[in-house]
Amino acid sequence: MAKGGGALTVAPQMFQARVHGRGGQGVVTAAELLSLAAFAEGLEAQAFPSFGSERMGAPVVAFCRTDTKPIRLREPIAEPDAVIIQDPTLLHHVDVFGGLTETGYVLINSARSIEELGLAELLTPARAGRVVTVPAGELARARTGRPIPNAALLGALSAMTSVVSQDSIEAAIHGRFKGKMADSNAAAARDAFDYVREPVHA
Amino acid sequence: MREQLEGSQGIARTVARCRPEVVSAYPITPQTHIVEALSRMVRSGDLEHCEYVNVESEFSAMSVAIGASATGARTYTATASQGLLYMAEALFNASGLGLPIVMTVANRAIGSPINIWNDHSDAMSMRDCGWIQLYAADNQEALDLHIQAFFLAEALSVPVMVCMDGFVLTHAFEPLEIPLQNDVDAFLGPFEPRQVLDPDDPVTIGAMVGPEAFTEVRYLSHIKQMQALDLIPEVSADFRERFGREAGGLFSCLHTDDAETIVIVLGSVFGTIADVVDDLREQGSSIGVLSLKSFRPFPTEELRAALSGAKRVVTLERALQVGVGGIVSENVRSALSGTSIPTHTVIAGLGGRPITRKTLRPLFATAMAGELPEVHFLDLREDVIEREIWRASEGSHTGPHAESILRNIGIVRAEPV
Amino acid sequence: MSETLPYYQTGTFAVGGRLLTPEQRAVQSDPDRMNAITKGHRACQGCGEALGARYAMDAAVRAADGRVIAANATGCLEVFSTPYPESSWRVPWIHSLFGNAPAVATGVAAALRAKGRTDVRVIGQGGDGGTVDIGFGALSGMFERGDDVLYVCYDNEGYMNTGVQRSAATPPAARTATTEPVGGQPGNSFGQGKSAPLIAMAHEIPYVATATVGELRDLEAKVTRAMEFHGPRYIHVLVPCPLGWGSATNETIQIARLAKETGMFPVFEAVDGAITSVSKIRRRVPVEQYLRGQKRYAHLFSGEGRPDIVARLQAAADRNIERFGLLDDGDENVNIDLLEVLATSERGPQ
Amino acid sequence: MTERPFAITLDVGSSLANRTGDWRTERPQYVRRMPPCNHGCPAGEDIQAWLFEAESGGGGYERAWRTLVQSNPLPAVMGRVCYHPCETACNRGQLDEAVGINSVERFLGDEAIRNGWELPIPGPPTGRRVLVVGAGPSGLSCAYQLALRGHHVTIRDQAAKAGGMMRYGIPAYRLQRDVLDDELARIFALGVQLECGEPVSDLPEAMREGAFDAVFVAVGAHVGRHVDIPGGTASHVLDAVSMLHGVEEGEKPQLGRRVVVYGGGNTALDAARSARRLGATDPVIVYRRTRERMPAHEAEMQEAEQEGITFRWLSTITASGDGHVMLEKMELDDTGFPQPTGELEEIEADTVVLAVGQDADLALMEDLDGVEVADHVVQVDEQMMTGHRGVFAGGDMVPADRTVAVAIGHGSRAARSIDGWLRGVPALPDPDVELATFEEINPWYYSDAPRTIQPVLDDVRRATTFDEVVKGLDHSSALFEARRCLSCGNCFSCDNCFGVCPDNAVLKPGADGEPYAFDLDFCKGCGICAHECPCGAIEMIPEAS
């Protein structure tokens, strides 16, 4: 399918993303959507939750691997190429950046800047333009009426990494949800995509 | 056509294409997504001519399956962990009666302590219940094994358990090929029961059998499983023929032909280990991995042949026979009896502990160096053990056996400071 | 239950009679009856369960026009009817386990439904141990789901197959191998046990009935009635056990009759959870007459005897009589508040 | 099904190979016991057998009647006048009330008359001739039985009509004469020759002259006893027997209003009740003992009381004068014998009727050698034969209760003996069959059914006419009554044994009424069949060890 959003780079051989959030924020769905999007791109993809009996509010992790060849590896992602943080309040409780690669992407659901969040040390040269905050919750609320940030964050991710295209993200959203739910989330993803692509915020 | 699917959804849809007539189940993590999906398909009519029975326990789930299968219905259920144990009595009964029930076991640890994560303690505890036990290395194989399971079960009139790792496979999204209905129909054909409850031809099923015939009954079920040893590879080959995919068989091998060190595994850990083994091969190491698919029946002869060239065999298993060590390893050892090939047991991934490349690499290095103890516990938190052993043994003596185990894991009993 | 016939010699109480029309005769008077459980079984002499099972199953077979499948719990009935290499059953029959007969029956029913076989009816059966104890969860599940199964419990008030141990259906003061007549309160304790029929009613299933082998026409009529309903149905049949009760082999029917005539075992039927009729006591007798015929109560009469315990049992019987309206006082409209019964019950109606 | 699993799956019904009969230590067997009704019937009727037939109703009634008349040719009569000891013996009396056997018998008798059913055809003539002296129930019964056996019978009676006491002793309100005549006619229709108004005075002469091979004497007891009552001449005194006889012959004796009957037997009651109907407004029965000791039958007593008859117990008549009698109060001594107290009372009396007993006129027998007479009656052996070979006797003239039933029994027993005597093969004694007692009955199986009450004539007509007091049963109540029979001691095909056997070891023949059988290959000998047999027709016997 057509690559969207003007891909800058091709995906690396294996791309591993780790999603942090709380039970009820659609963390597992985020990983699932990302794998669906990658699959739509013709990639091999594997998504899985940090298995457990998560309850509402509890810290949750989900993983997604993509690759150009079949994925056999089944261990949790210890050295992510990207971390997606759906809930900034986790920053001080969970080692969300654990094992993040030198060039690893960081995407945080927040209206505040990285500096404001006191994460300046993340801003290394190797990660230039790869550490971003997005008010995904607000964008989501604006579109869906609920502050579930997962779809929006995926839009932002595609804007940053081009591992998967915005079209694939939206295709995945439409594959996973139906009707208004799908449309509004896709719209939120699109908003986040534009938000990141908008130089002002870069 | 491949789809990006959760393993459980793939299983449910594949089972549906096997056209079960009765599905009875009791929910237990991590089996739930499978039976939820099946009940949905029955209600929606996507799965026709099928009764979904919400039972009040796993014991009844298997009992309903027994009644249904004896009435000539293709019957399916799924469970895990405690649920499998709660079924135990009925499991023996189903196999004793020779009822071709197919069951998914979403492998999970057994409490206490209660633990919902993956290992093989549940299925291993039922290894003698007379069911065929097949283990899937990935979700695609899990799907494909279910189709083969129905064929095997009905061909031999014996129940079959398809074991797939809980969460690791059941909850993982990956690309899956759902077999086409026509292909499945052609592969399975209609269920022709060996015996059926029917007023037109009444029989008495489940007689009381005394010493004069019990041994023969048992021997005959043993023969069935021996027949399965021949049938399983045939079915796998036929499946490859029709579906163009490798799935099942007694076991599959990677780089074992010329390997000095052969690692034997069951289930989904094969993938991770395969990656490690490939890396080691590139670095010139002589190592291979064997993925055991059929644990019951156990392919003693075939394994013996496959392992004959090895210098050592390491069995990595996700269950512990407390007081003994490995379970699969014991069977492997009997397969190698008479040879001089040393065997090692690695207990790993109990209660959901991840098995990672990070610790596998050094493990295999140690093994290839011939420095692996007979029984090794992977990633054991030795500091905890040391503390606990000390606490527990205050004032008392742990004894030479316990201490030798501790030495094996590198713990020398600390003196009080 | 049983309508009066214009035959004053046998009334409604004997099995048949040359002056009765075929409709008026019991299935068991038919020379061509099914004998679903046939000769050569290994039940004890005078076994009430063998008798009750043949009545129930033959009646069901007739009602279903021969299209019946039976699922049997472990127990005496299963053991004496199917020791390899001989089976006494002539209907399709399966034995699986002790505690799962209701679930196996459910499975049979589910398979038949899946196959669109509406002609075949399913019977589950077991003793009191398999039914009210180890199989109770499965039974309740079968009730609650509305499975199309008639379950018949042959209640001989204990684990006779294993050597007469106490079950939840064992009556107070009765001697069993695990409730020996020693100590201050000899025999089984008072205030224990459960009433499976009342609990079945609480599930509000279409049909619940009790019966005894003391009134075989009544038993037959109830099975026949039960077969007119679909969904879960439950019949609880009292079947004296000469071995376990220490009664004479020729008094099996007599003892069952006394259980009903004393009020110790109320005979009634309930539709949709409400009792619709009770079998009135014809000739009321004191419980002592019932107890004396059974060695399991011998300790109540040896030496000084235990009139206090006999009185308690009589009181229990009297409560049943009052609660279920067992005396023929012309008051035909039976209206029993199940909750009240359960609330005031020392042991339910048995 | 192919290749069924070994051992766990079995063929249905294969347990037939397991013969459980060898568990048995006792075996059941069907028995036939003597029903108490049959046992109690002096006429020797097989009551249970004819009730069994009657239970079917419809065509069963004729079958029942035919069974009945094998022993008694006079069911309609017996159904009216018999004091039914069968009902006294009936086991059902211990359950609710005795079966109304007598009323069913009457119903059958009346049905026979109504439908003109005929007695059986006599057997082929034997050429033997038998003389019967006395056309009472005993003689008629004997004649009937002999005729059936092919013998030629001549009955001689001094009275104008046949019937003996049935006609000249029993008042019409108890036995309608047309009924009597109908049943007698049926007997004579068999070829029995009746010669009335022909007293026999010289028996040897009569036999020689008539070339009779044997004789049965049953002249009854028609001679009323007398007691001397001082002053008896003054008032009108007569005896009951001749009074009743006279009434039968159309006499209207002038008894007056106040009639005192002296005696306590049935005859006294007959006399008093007849007097009532002849205009005596308040008959009084005077008896020396208490009511309890009165020989008369309770039923008759009650009917008499209903009709306004009064009683003076413990009283005797010491004298009678003009229009009155003197009564003396009696009291019972320790032996229960009445003793005079000297306490006197005078009551009004236009007539005194003596009913203090009857005797037979034995003149006929006195000259016969070998005949033994004691207590005014002729002694006979088991075969009803007197001491004189070939001379048999029965009825009221031999020692026995003086009832129609007894007489009929004598008649048929004598007939059997005479037949045997004529053939030279002595009749076999009745086989000794065990009595069926109430203890062998399992009453549970019989539903509650109190007996039917027979309708009775209204009081006014009872006071003024000789119309029949007790009426017969209609079809439905006769059927009801017949079906109340418990069939004591004999199988009535209720299928209970077939139904209650836990081992299916009772075999039932296809058709009703055919006997059941035990399958001893499988019977374990539990005994339930015997215990649950409603009528006690099964007994358990030890296995031969």
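First chain written, first letter: the chains are A, B, C and D, and each begins at residue 1.
In this text, a contact is a pair of C-beta atoms (placed from the backbone, for glycine too) under 8 Å apart; a residue touches a chain by one contact, two chains touch by 3 or more.
Bear in mind the structure is a predicted one, so any value in this text is a computation, not a measurement.
**Student:** Of the other chains, whose C-alpha centre is the longest way from the centre of chain B?
**Tutor:** The chain lying farthest from chain B is D.
**Student:** Out of B-C and B-D, which chain pair has the most contact pairs?
**Tutor:** B-C
**Student:** Using CA atoms only, can you tell me which chain is the most central one in this structure?
**Tutor:** C
**Student:** Which integer distance in Å separates the CA centroid of chain A from that of chain D?
**Tutor:** Inter-chain centre distance comes to 114 Å.
**Student:** Between chain B and chain C, what is the separation of their C-alpha centroids in Å?
**Tutor:** Each chain reduced to its C-alpha mean, chain B and chain C end up 45 Å apart.
**Student:** Hey, how far is the Cα centre of chain A from the one of chain C, in Å?
**Tutor:** Comparing mean C-alpha positions, chain C is 66 Å from chain A.
**Student:** For chain B versus chain D, what separation do you get between their C-alpha means, in angstrom?
**Tutor:** The answer is 93 Å.
**Student:** Residues of chain B touching 2+ other chains?
**Tutor:** Residues 97, 202-207, 209, 213 of chain B each touch two or more of the other chains.
**Student:** Give the residues of chain C that touch two or more other chains, as numbers and ranges in rising order.
**Tutor:** 82, 84-85, 87, 89-93
**Student:** Hey, how would you classify the chain contact layout here, line, ring, star, complete or other?
**Tutor:** Topology of the interface graph: other, matching no listed pattern.
**Student:** Considering every pair of chains, which are in touch?
**Tutor:** The complete list of chain pairs in contact reads A-B, B-C, B-D, C-D.
**Student:** Show which residues of chain B lie in contact with chain A when the two form their complex.
**Tutor:** Within the complex, chain B touches chain A at residues 2-4, 6, 29-30, 116-118, 138, 166-168, 171-175, 268-272, 274-275, 352, 354-358.
**Student:** Quick check on the complex: what are the chain B residues that touch chain C?
**Tutor:** 21-22, 24, 49-51, 53-57, 59-60, 63-73, 75, 89-90, 93, 97, 197-199, 202-210, 212-213
**Student:** Which of the residues in chain C come into contact with chain B in the complex?
**Tutor:** 66-69, 71-72, 78-79, 82-85, 87, 89-97, 99-100, 103-116, 120, 137-138, 140-141, 144-145
**Student:** Using the touch definition from the top, list the residues of chain D that touch chain C in their complex.
**Tutor:** Its residues touching chain C are 7-8, 10-20, 23, 55-56, 444-449, 480, 483-487, 492-496, 498-505, 508-510, 512-513, 519, 521-522, 524-528, 530-532, 534, 540.
**Student:** Any idea which chain A residues touch chain B in the complex?
**Tutor:** 31-32, 35-36, 39-40, 44-49, 51-53, 71-76, 78
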